[in-house]
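Paired with chain B in one complex and with chain C in the other, chain A is shared by the two complexes that follow.
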Partner chain A sequence: MGRIFYNSLRGVWALVKKDLVDELRTRYAITSMGLFALTTLVMVSFSTGIFALDAGLHASFLWIIIFFSSMSALARSFIKEEEKGTAAALRLSASPEIIFTGKLLYNVLLLLGLLVVVFPLYIFLMNLSPGSNYVLVVAFLVLGSVCLAGATTILAAMVSRAGAKNSLLPVIAFPVLLPVLLTAIRGTSIALAGGNADSVLSELTFLFSYLVIIVTASLLLFSFVWED
Partner chain B sequence: MRIEIKGLAKSYQRKKVFRNISWQLEKGKSYVVTGPNGSGKSTLLRLLCGLEKPTAGTIAFYIGEDIVGPSSLRSNMGLVSPDLQFYGQLSPLENLAFFSVLRGLDKSNDFLQKLLAKVQLGEEMNHPIVTFSSGMKQRLRFAFALLHEPVFLFLDEPFTNLDRAGKDLVNCIIEDQVSKGIVLMATNEPSEVERFGQDILQLAPGSMGPG
Partner chain C sequence: MVFLVLKIIIALWMALVTIAAFIYAPPALGLGDLARIIFFHVPLAWVSVLAYLISMIYSIRYLKKGMMIDDRKAALNGEIGLIFTVLATLTGSIFARYTWGMFWNWDPRESSIFVLLLIYCAYFVLRSAVEDETRRARMASVFSIIAFISVPFLVFIIPRVYATLHPDPIISVESGFQMDAKMFQVFMASLVGFTGLYAWIANIVSRISSVTTGMEGEENV
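Now for the complex of A and B:
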């Protein structure tokens, strides 16, 4: 039992490592995500430069940039396997659970990488208030992004065999992710306004519960999506 | 060791690929499935590998008298098929190392290098696959299929794109593999059917199997 678990962990890590190496050599997702984030950020910065924005607007802009920047890259995780014909070799080599967990972790790492670039740039370009509770803001950004990755991974697997794959994902993902986005925006907004952990407890609890439910449901359903 | 296929049928929406195929394959023999394009040869192999699900019928794999479940089947079955592609940005060695870990195997670098040398890719083992010819990719498919030393080996047009040396190599692999388990090949080439078809399944589009 222990041996099987250890081998599964090795398999998951091998898949994450393979995707990272493949990405670093092709730079498809990094480039599309980075350029989209940068152009949107600069556009937002220029168009709102003369206005003093409140915390709610800052939180909304931040999450809109994260959502749309990440969609094209997250969709690629399964689409590239189907398009390049490598999905069959994956299906022959590992259980659906290993594949899903590996892809989920890779998507989480990709989104965390996006946050590392976007958030400091946003603070710099948008002159965010020094009175914000930045620890809480980062907590919301990380938890919200992991929720985004969790829901998008299973959806990306579902759309990977459809015709208009890349454009389909944001449309399908939007209603599924709407509760996450609204909660994350509200929580980030309170944290940017300087709120403490008690004032956002319900938002944090919601995001954490959403994450547990979406990952559990995805693990249970993924084999039907992957093998049928 | 045997494979029992009973009443197997496959349709895509309204198109019937084949129906009512029943066949028993046993250890120590090589089998050939043949038929014109669209008769379902590759589909049959994909069904056997679990890459597709049958519309009707069953496939059961036995090692000794024990039935092989889906998770153990993965570690006992190998496939060589033009549908199989590998990661173009990675080298053959990186690809095999990745699939080895993914399969839960503990293969050393030395083992992987010897396997690549066996399929005559020793000198190119560190080059990205994107630079490979179709024949070299076909050799890599054999390395991938043999990585976990399977007992059930399924070959879809195995000699495609191979040069003389590659064909000799595949002949050796098949002969070696027949002694260890079951080899099933899908081909249209009469010389391959004659050489490896100890038992032959002839398919025709939408046809009923031999029963």
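Now for the complex of A and C:
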């Protein structure tokens, strides 16, 4: 039992490492995601920089930027395997559960990388007020992004199997992710307004339970999507 | 024969419900005649969730047994559900216009039904994107289950967390259900009637589909 677990962990790690190395060589996802985020951020800043926005607007802008910049990169995680013709080899070398977990972790890392770029830039360009509860804001950004990656991984695999139509992912991911986005926006806005952990407890629980349920379901269903 | 009798019963039942909704049931306190829309709006909303549930059950069956007919039935129930969802959204927004002053104001309940609508649309977009038949069936089934998981979050949790102007739904534990006896009778009768109507439509559509796919099969031979 322990041995099987250890071997699966090694498999997952090998997959994450492979994707990271591949990404660092091509830098496709990082650059496209980073530039997309930068463009939207600058656009938001250009058009609203002169106004003092309230916390709700800031939270909405942040999550719109995160959602749309992450979509293209998340879709790539499986489409690139189909494009390079490496999907079949991947299918042979590891079980669907390992592949799902590996891709999920890689997507989470990708989104955390996005946050590291977007959030400081957002603070810098949008003059966020110092009265915010930043620990809580970061908690919401991280938890929300992990939820985003958790729900999108299996959908990205589906898109890659649907003839690799890049634009399909936001369309099918949006309704599934809307509970996450609404809750994350609300939580982030309360945290930005300076709320403490007690006032957003229901939002945090909501995001966490959503994450657990959606990842469990994806793990169970992934083999149907991945195998022929 | 049994089906014929059942259909006649459903037709008469729906006619009676419609008449009773306007004549038998008294106008509600405060809302007046506006409240009569609940005899149509709530059953429509109920059927749109029910149709989705049944569609998802067929999807699960497809994944378990791999029979094409289950996937077709899942899609058919989805199509019917989509129509009911559109109608529920429209009736709801008419009610919203005359009680809250706006057709649409992103009340939590409105957001929930809107997402249900989006899920139905995404389901059919996905279906149209995949060309291979078995692959389409698999992708659609998995999507249907994944999307279904997010429905309870929306329909039941978000309106609980956020304040809403919407009148209490039937499934309400804390406040109980307060309705005039006559209204309640018509309301329940309408729920039964609409469910029957849905079963009837599903029956017709699935028969049409099995005839047309049967014909396609013959053409191939």
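One rule holds for everything that comes next: the second predicted complex is superposed on the first by the 226 of 228 C-alpha atoms of A that agree within 3 Å, B and C clash if a C-alpha of one lies under 4 Å from a C-alpha of the other, contacts with A are read in each partner's own complex, and residues count from 1 in each chain.
One rule holds for everything that comes next: a residue touches a chain if its C-beta (ideal position, glycine included) is under 8 Å from a C-beta of that chain, and two chains touch if they have at least 3 such contacts.
Every value quoted in this text rests on a predicted model; they were computed, and no experiment measured them.
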Subject >> Room on chain A for both chain B and chain C (clash or fit) >> reply: fit
Original post:
Touching A:V176, do we find chain B (first), chain C (second), both, or neither?
Top reply: second
Original post:
With the two structures laid over each other on chain A, which partner does A:M43 touch: chain B (first), chain C (second), both, or neither?
Top reply: neither
Original post:
When the shared chain A is used to line up the two structures, what angle, as a multiple of 10 degrees, is there at the CA centre of chain A toward chain B and chain C?
Top reply: 90
Subject >> Touching partner for A:V116 - first (chain B), second (chain C), both, neither >> reply: neither
**OP:** Give one of first, second, both or neither to describe whether A:S218 is in contact with chain B, with chain C, with both, or with none.
**Re:** second
Original post:
Just chain B (first), just chain C (second), both, or neither: which does A:F206 touch?
Top reply: second
Original post:
Nearest CA pair across chain B and chain C in the overlay: distance in Å?
Top reply: 6
**OP:** Touching chain B in one complex and chain C in the other: list those residues of chain A.
**Re:** 228
**OP:** Sort out for me which residues of chain C touch chain A in the complex.
**Re:** 63, 111, 115, 118-119, 121-122, 125-126, 129-131, 135, 138-139, 141-143, 145-147, 149-150, 153-154, 157-158, 161-162
**OP:** Spell out the residues on chain A that touch chain B in their complex, using ranges where they run on.
**Re:** 4, 7-8, 10-11, 13-15, 17-18, 21-22, 25-26, 84-86, 88-95, 98, 227-228
Subject >> chain A-facing residues of chain B, complex >> reply: 49-51, 53, 71, 74, 77, 79, 81, 83-90, 94, 98-99, 101-104, 144
Original post:
Which residues of chain A touch chain C in the complex?
Top reply: 151, 154-155, 158, 161-163, 165, 168, 171-172, 174-176, 178-179, 182-183, 186, 202-203, 206, 210, 213-214, 217-218, 221, 224-225, 228
